[in-house]
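By written order: A, B, C and D. Residues from 1 in each chain.
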Amino acid sequence: MTTKYSYFPGCSLKGIGRAYEESLLPVFRALDVELEELEDWNCCGATAYMAVDEVKACVLASRNLAMAEKLGHKELLAPCSACYLVLNKTKHYLEDSPSVRGVIQKALAEVDMTYSGNTPVRHPLDVMINNVGLDAIKKRVVRPLTGLKVAPYYGCQIVRPYATFDDQHDPQTMDRLMEAIGCTVVHYPLKTRCCGASLTGTLPEPGLLCSKILLEEALKRGADVIATVCPLCQFNLDGYHHNIKKRWGDFRIPTVYFTQLMGLAFGLGERELGLHRGFIPMKPLPALAPAAVGT
Amino acid sequence: MSNEWQPRIVAFFCNWCTYTAADLAGVSRLKYASNTRVIRLMCSGRVDPQFILDALAKGADAVLIGGCHPFDCHYAEGNYKCLRRFQLLKRMLADMGIEPERLRLEWISAAEGEKVKRVINEMTAAVRALGPLGIPQKFAEWDKEMEQFTAHVQAAEALKAPCAEHAPTQEPAHV
Amino acid sequence: MDKPTNQNIRIGFYVCHCGSNIAAMVDCPAVAKYVETLPHVVLSRDYKYMCSDPGQELIQKDIAEHKLTRVVVASCSPLLHEHTFRGAVEAGGLNPFFFHMVNIREHDSWVHTDKAEATTKAKELAHAAIMRVAMHKALEVKRVPVHPDALVIGGGIAGIHAAMTLANAGKKVFLVEREPSIGGHMAKFDKTFPTLDCAACILTPKMSEAGSHPNITLLSYSEVTKLDGYVGNYTVTVKRKPRYIIEDKCTGCQECVANCVYKEAKFPDEFNEGLGKRKPVYIPFPQATPQVVVIDPKTCLNFRNGELTGKCKKSCVTACGEKQAIDFNQKETFLELKVGTVIVTTGFKAFDAKRMPQYGYGKFPNVFTALEIERLVNSSGPTGGHVVLRDGKTEPKSIGIIHCVGSRDKKTNRWCSRVCCMYSLKLAHLLKEHTGAEIYNFYIDMRTPGKGYEEFYDKLLEEGVHFIRGRVGEVTDWAMSKEEMEKGKLVIRVEDTLAGYVRRIPFDMVVLATGLEPQEDAQSIRRMLNMSCGTEGFFLERHPKLAPVSTFTEGIFLAGCCQGPRDIPDSVAQAGAAAEALVLIDKGYIEQEPNTAYILDDECCGCKSCIPLCPYTAITFDAAKKKAVINEALCKGCGTCVAGCPSGSIVQNLFDDEEIFSEIEGVLAHE
Amino acid sequence: MKLTRTIKYEADRVKGFGDEVRSVPGCEQLQSCIQCGTCSGVCPLSIYMDYSPRHVMALVRSDFKNEVLKSHTIWLCASCYHCTVECPRQIRITDIMYELKQRAIQEGIYPRHFTIPVLAKEFYKMVYRYGRVTENVLAATMFLKTNPMEAVKMWRLGLGLLLRGRFPLVLEKIKRRDELDRMMKVVDKMHIDQLHDDQKKPRHAVAGGHA
């Protein structure tokens, strides 16, 4: 039976993070989960916006939440970590702060919208593990990624500050998911360390160092690939290789979305999954080479 | 003190937990609304529903009962007995048209001075929003209505009297 | 002014300023003036300190001069001074129960901010008391005899000291300990701060003295499961867990241990925090008291899932020989004791370091807890005092000690555990002495308030131990690329708040100074003994300053860490609290509030509704008279039956209906 | 060698600043800070900060407004929430950092040509205009406003993105932009001082005010 979720892609998934959406949709389809994109969604109000006006950021997010509630599916899926956090944070503010709640409700009323707080915001990783289930995922695997050593990288904002579906210090959901599709998970102590986020674009030195530490440690732990859940993390780890090399040396390791790896295991094609959009390509895996080529 | 109307809340606190908690709130210098008057009992099980009705009848706007947490009653299970009576009484008060916010039962342990503050503040705000219960005034009004009615009937009787020789004798209208 | 006067009811009213505690927020003269107008009041005064001697004498003088028959004092909480004023009233020649107290400090002046409101409240509360006291009746204080024997629950240093104090005074004491040996946490320590006395040297003589004292019945490997009866006369049920050894027959020769079919000890040893190994039959530590072995059915071959299988060849029985001390058929037994007083010394539990995953305990082998280090530095410990890493051979060259693990943290325990700073200093000293390693202490605030403690800190500073003021962010096992020193080490990342740098420091060994928290089963003990707990779960004393070892139940006392974290000297000092139990035993009786209930025979219709309401089975039914009867000795005065009686024929002394109704009327009378 | 006096006089404090920050929803716990340094200990970016997060808490509490708002620290915070999660006093440090950033933008006292606040403002404006963000355009705008040379240096990355189809050439926008406009006007009208306390300045119309 098909399950339906409302889907909030967020700006990045239409731009630098296109490959995330390109792999997310078919993987969910393969698992009989349908995602219905919110009509006319707007920016979630993420990090940079919050630095200007936190209340307005919450108002922005609330418009999306209100539209999701109206759409009628029980839950809203937000794949980008920043969107996931801001939408959840807004929900918390609505519950905890009467003053913020007052402003949001007034602003929504202005455009004939309401939000009663009933639509939970979920991350695809959470849904994969807790709703779809590892068994269903294993059943769908046609080409186990045996031998592929993955460093699971969760980043910050899906476990902090609201650890809703995984442990805050040592999250395990992606580890289990990667094992389910046949990968070998390497011990990666930096799995929740910050990637540098938007700093990489604004203040290269500290931002790049954050990314470099992550890449270096993944290589040291013998990983072939880093799996991420966030478009910004993916961009930081994948896009700045050249800049990092200039400063600290060559730390070349591909970073892909966890959905791309799942797609590969499900037998989907590399192009179909947007794997060609990465700067550092994944080495072709012997196990999947014959099928992957030419699709 | 402002001249606006102040709610009056009568509280029955058990000696071991809630009264001690209120003492703790004092020792910790927590600040809360001054509308509650505490009557100390040994156990919340001693709270006779009549106390509550009496308090409301004598002008209280609300009644608060504080007892030990379940399993923690100094007398093993007095708090359960209190809870049972409370549930029944709550239904009865609802039938009488008294808002449920006017009667509250809280389990407050000796360590929860903070909770005493919270509960009293919440309750004061809730009762303030409801406005006065005013049962004594209502009693007075009813008495007045009765008197007027009696007077009215008597006046009518007096008028009828000359030609009412054969009318059946009437009971006096006093209640 | 005309007000009802009654020759028999002449009330004197006193409002106390309590210095400025009350007077600053309540207009005391105005309250006195208001009360003066109330019925039956013949005298109304305000006074600076009512509880002082002159204050009490004032009451006595007024009783005589003004022929007062009732007294009301508006001051602090009755839980604090009701007793004092009743005494004053009695000294003045009145029945002490012709007195009522109004709480205008804890319930009024301390919790309100508007003087007019607080004054109104004080007036209303006083009004209620005036109306109530008019209804008061003369009552007799109940005297309940106290059983002379005492029970001490928990055989740590506090329990041992308390038991010894009582026993030396000639009282019979039952000392119940749930582990196979008494000694508690202190037995595990190597040295004690700040004097660095060897813990065993000062503790073990006390242990064996307690074990052999003629007045002490030591019940080790036992737990108190039930406490029945009433104040001064408790019936205690003690569960004696089967140790499969007949205590009287065992001489502690340990032949059985030597001859166990397991030639090598292979099970984690509890006493050594799992760092050493023991056999299924073992003695917890060399100085264990009683000197009796114990058989662990979980590991003994003769058992399977707790059931006796008889499959082992039982070489231990053979080794024991004629003593015949081993009894595999031993079952759990229950013992009933009669005692009059109870001293609770159940101690603490060390914080579980796994609850702070960022410090890596359980994940990185070379992260240790402080208790583990106590065993490692101990010459009778698993390594003979040789400090090594978890691999059993490498000596650490650098050690980081993290303070406040699990303490001062809203997410775990909010309180300061009081002993960690000092024991961390002690461990730093011992570790340095044993290994010569570089030692770093990471602390938030250094707390050394005790005799000789600051001097000990000084000594450590001079010894060259490093101190970094900063709470450690994380302990990790990854190295920065350029930092050769970090390779293969545990790296601590911390802000050195005094130097002003964030630092990464590599260590061979990390020690977590775990805090103290209540025992896991503290709640069930608390319920069994009818005690209260603070929010943090430690047992609550009657008054933090004036009655720090008493509880709200007469005859039950507290000492040691079960009441809150404290160090050894404080625990022992507090265990002198046993002296308070002594006073009670010697006095021979406990005075009880005469707040029991009784039946008005004429009105009781014999409906029996009250009988199931009483949790103490104090109410019975007199079939001949067809009336309920209350046994005053069993009644504890809760009043639940009074509220439940449909015909209103039960009366509770001190809290009878008319007293409460007049109190209700009183608080609502003022407008 | 240039010497500077580091002493602070009472006049250097902006009295009430700490209380103001504390009155903002989410920042209430500030007062309970025990200066343990856990925040700095876990912060991945504290190594670049002029004041450590702990130090910022102390400065805010002591009303050193100018020092705080001029610091690099608030702009280096990448909102990873590590400090918030680990703080033993449950102070929401990240939220306090946001509040400080907002104030710095409001008062216009951040380092000139400092890219981060410019990015924040441009981000804000872009959302204001189109309802969504198109990252490459945003980045380009930001570099043009701060350091055009840097933009040139980024040619490799831009070209890479373009080749990989990650460089949209049309601006993303929403259809019913008027809805957002009306919602924001409501917020502006409600003035921030209703939200917090009376003394606080209105914080609306940042985009207009500083653009």
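The rule is simple: contacts are C-beta pairs under 8 Å (C-beta built on N, C-alpha and C of every residue); 3 or more make two chains touch, one makes a residue touch a chain.
Bear in mind that the values here come from a model prediction, so they are computed numbers and not experimental data.
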item	value
Interface with the most contact pairs, given as the two chains involved	A-D
Separation of chain A from chain B, taking each centre as the mean of its C-alpha atoms, in whole Å	57
Between chain C and chain D, centroid-to-centroid distance (C-alpha), Å	49
Rounded Å distance, chain B centre to chain D centre (Cα mean)	53
Whole-Å gap separating chain A and chain D, where each centre is the average of the chain's CA atoms	24
For chain A, residues that touch 2 or more chains besides their own	213
Interface hub residues of chain C, defined as touching at least two other chains	358
In chain D, residues with contacts to at least two other chains	47
Category of the chain touch graph - line, ring, star, complete, other	other
Complex interface listing, chain B residues touching chain C	1, 6, 8, 10, 15-17, 19-20, 22-23, 25-27, 29-32, 34, 37-43, 45-51, 54-55, 58-60, 71-72, 74-78, 81, 85, 109-112, 117
Touching residues (chain side chain C, partner chain B) in the complex	77-79, 103, 105-108, 110-114, 116-118, 120-121, 124-125, 128, 527, 530, 532-535, 540, 552, 595, 613, 615-616, 636-640, 642-644, 652, 655, 657, 660-661, 663-665, 667-668
Of chain D, residues touching chain A in the complex	25-26, 44-45, 47-48, 75-76, 78-82, 84-85, 92, 94-95, 98-99, 101-102, 105, 115-117, 119-121, 123-124, 127, 131-136, 139, 142, 156-157, 160-161, 164-168, 172, 174-176, 179-180, 182-187, 190, 192, 194-196, 203, 206-207
Touching residues on chain C, where the partner in the complex is chain A	357-358, 476-478, 480-481
In the complex, chain A residues that touch chain D	11-12, 14-19, 40-43, 45, 47-56, 59-60, 63, 85, 93, 96-97, 99-100, 102-103, 106-108, 110-111, 156-157, 160-161, 163, 168, 192-194, 196-199, 201-203, 205-207, 210, 213, 239-240, 242-243, 276-279
